[in-house]
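Order as written gives the chain letters A, B, C and D; numbering starts at 1 within each chain.
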């Protein structure tokens, strides 16, 4: 994945399009920049990669074909860490799913629970 | 190929020779061996008695028209449907002068192969024959029994697809054995109507030394490829091959895969 | 033994594409050797077969994209001819992967380099061409008379040399410029 | 035959991966042609005189820069000194210096076609890193070139007349400038323009950077000059349909589409425009921001100032009623019966100035271009600020006609985009015209806030940077390094969701007008015209120049010249410069009465040809005809028409037809040498 990050020209469209960018401590274009410069480890400490909703808006907008969402997913290392408000690890996500939860959130949760679907 | 067709052919030949409309007649006559008639030119009427036409007349007369149309006067020629297709190709390639040919299409019910004088079944090209009309003629004799009754419905490209379906090494094996039997007698090239180059590029005197299988393969690739888009599938090459190599498969493969050059605007 | 690839490239598009691959320093295997022809329609079936006889293991014919040919319709004829020839060779047992027809434009340097690398790998997988290789269409008689020639390679080309000199001197005599030893 | 081989170092380009000295030696080794002695020295080494019948490399040398003065002198000296009958130059691509080296050989008295090039730079040293492999390959390529030159026959170019007339396709500033320059040199020019008036995109512009002089003021005089120049024939509302032939004798068919108005009678008074009932047709010239009638003149200063009937919208042509325009026309210039007219004409040269289009923005939904009237492209903005535009030059929002309090510019919309929906290249002119737009707004409405979202501001021209700084410093335009993620229409104004890279945070703002700097692409039928001219086009559809640095205004197809945006994104100064350059190149050919033709043409051997005619159908130029009526016929090649493609030589089964310079024997010898 690293080789792909040098295609980024830091135009900022991914962060501009990202619905969560305002809450993130490190917006998408920054973590692509960090990963490209070898800052893989520091990216793993950030909250941002967990706030990523896997909506792929960033990847649809990127003019260079960089994939920030996939980079975040790889940075998450696939360990399932998705806690509800009481900090309890939510095990069986698909069981608790009901149609009131926005589809988007479900996909993000599944991806973060270490069950990457696509 | 009934008897009265032959009689009509003879009378017609005599008439045209007598009237001077044609200076010579190209037809078949009895050959050296029984049931093995040979093409022949007839210059005067009383020789026309020897004109012969039966199911053993397998030779394609159109190639002889190349030199026939070079001397003065018209030539009367009797053509079966497959020969007529060959002649149209020769005319298209400026080898035969249409004005110098008086063409009579003769009815054809398919010719037979002969092995040591014994008749043994239809020629391969007649088995799969689809040519029942005459693309070019001035007159027709005995063609009312066309379309030929002897069609056997074997699909023309069946042999080709059978070889195509085997894998590369099997195909290689097949042609390796077939073509290693080739003795390079050039019969296939000399009989082929569209093989009429003045000096054939394969005509190098050093080729007559003992042929090796690789040389045979390239000889036949080139011979077949040079008829790409020109071969009228008359089947003569396979018929005359003394070694019985299924040469028509090569030409039919090219015909089957043939796509004309379409130039988009 | 590394495989040997002969590439016929048309001067206006694929040869220029090869040059662009060069100026952009896009490496591709050195077994690929390029022959420049004015147009892809100049490639004769004799050249393709000659390459295999002389030891090539893969032949690739490159031309302009259909419609972009500098000579208007040249590549349409190439397409018809090469597809027929490749189909016939495949029908006679040659591995189809040894033959390739590609349209590469003057601005597709990367495509040229990738195509050559891909084709070389494809031919390497097949290995040396045994089925359609070996001595053939030799001017056998010329070899015997040419005693002082030392190694076979020289003899082989000497034969051609003798053939060429007499062609040059005897222009009128109908030696066939496409004579057998040319194929 | 005595052959000389010269190996070029090309500075380090070849020497780096090809052992040039070893190559110069090995080409002389006896493995090929009996040259026995090998003297391992860098200096040119000479072998004892070889017997005439055996071909041998009698001279070989390597040199730092063969194409330079010294290198060429070494070749000419060696030819005379050693009586060389064939020369092989192992250097860069023949497409670069084949002509140079062949001229050098000619100076030394050797027929230029007895010199062949082995391409050991672009196709060897630059693409193979391993030194041994590169040297072996270079040797193999050298052997092939030696084999080819051994069988080369001397060739003498023929001649062909030059039609003293030029065809310029495209009536924008590029076409106008080229036509004027050629006409000034005294040659007749046909200027063909697809739309009803010449002027092209430049006529739509308001001001031009960096001097802010008004586009119409500098363009219209040139348009009038072109229209009135005695050597220029104007074909407006016309398209080129077919082009045949080659440099010096092209024939082109021009379709003059029926205007419905007789140009000679019409005085341009405009009464018919007022009379026309169809008033609601979007005017292409105003980029759809204003309407026009069915019978219309595209813009006020149109040249020719004669209306055109738009047959798709004219009531008469659609349902045969209404002839109001005819009624209103005193000079009776309206003529419904007018038909398309086909003009066939012969030309010596052709200049392609087909111009550009902004890309369609359908794939860029995030900017809401199609949903909000106040999201416009830069070309539409040009019409807004243009005095002759739909709002008379007042900056008013297309939605409610109010003056915008804030205007947002978004750069690189579709440009610098390697994905399928955009263009990989930079469109070169947007940064400058956006700075211009910003200054124009600030001049008229200093209180309006102007912000520009950019990736990089590129100002690569004379006084471009100063112009951009003036926009920032003197006019207070805010440049934000970052991009816009979404533009959402909200109760009459537009909300921008963007990223400010330097603040490293979200930047949200509400604005009144958004201007998108859309990427440029070649105009609609550039591909069709490229096909017609058999001129190559690149992956993005722009017409390719023969050499990016050394021959920027010539197409690879001889006699075809390129200028303006047809060849790639460029601004007006460069376009005009290219137009004059293309004109100068064209004049270079038109001045000549005779053109040297390519001698590498096909030739039929009468003894072998039996007139089968398989070659006749292959020739795209109809250069092959069969001589003599009766049998046996033989074909013959008209070397004036033959362009040397070689299709006939490959089609001939007996090898009777051969291509000089690329004969059967030569290419077969190359194949042999490459496979040894």
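Please note the rule applied: a residue touches a chain if its C-beta (ideal position, glycine included) is under 8 Å from a C-beta of that chain, and two chains touch if they have at least 3 such contacts.
On a predicted model such as this, the values are computed, not experimentally measured, just so you know.
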{"item": "Between the pairs B-C and B-D, the one where more C-beta pairs touch", "value": "B-C"}
{"item": "Distance between chain centroids, defined by C-alpha means - chain A, chain B (Å)", "value": "75"}
{"item": "Separation of chain A from chain C, taking each centre as the mean of its C-alpha atoms, in whole Å", "value": "53"}
{"item": "Averaged-CA centre spacing for the pair chain C and chain B, given as whole angstrom", "value": "34"}
{"item": "For chain B paired with chain D, centre-to-centre distance based on mean C-alpha positions, whole Å", "value": "54"}
{"item": "Where chain A touches two or more other chains at once, by residue number", "value": "none"}
{"item": "Touching two or more other chains - residues of chain B", "value": "198-201"}
{"item": "Sites on chain D at which at least two other chains make contact", "value": "607-608, 654-655"}
{"item": "Interchain contacts (touch definition) - all pairs", "value": "A-D, B-C, B-D, C-D"}
{"item": "Of chain A, residues touching chain D in the complex", "value": "7, 9-13, 15-18, 21-22, 27, 29-30, 57, 61-65"}
{"item": "Footprint of chain D on chain C - complex, ascending", "value": "4, 6, 11-13, 15-16, 18-19, 21-23, 25-28, 30, 33-39, 41-47, 50-51, 54-56, 64, 67-74, 77, 81, 105-108, 113, 151, 153-154, 157, 160-161, 164-165, 167, 172, 174, 176-179, 182-183"}
{"item": "Touching residues on chain D, where the partner in the complex is chain B", "value": "607-614, 626, 630-633, 653-656"}
{"item": "Interfacial residue positions of chain B with respect to chain D in the complex", "value": "69-70, 92-95, 97, 196-201, 226, 230"}
{"item": "Touching residues on chain B, where the partner in the complex is chain C", "value": "160, 163-164, 168-169, 171-176, 198-207, 209, 212, 214-215, 217-218, 220-222, 224-225, 228-229, 250, 253-254, 257-264"}
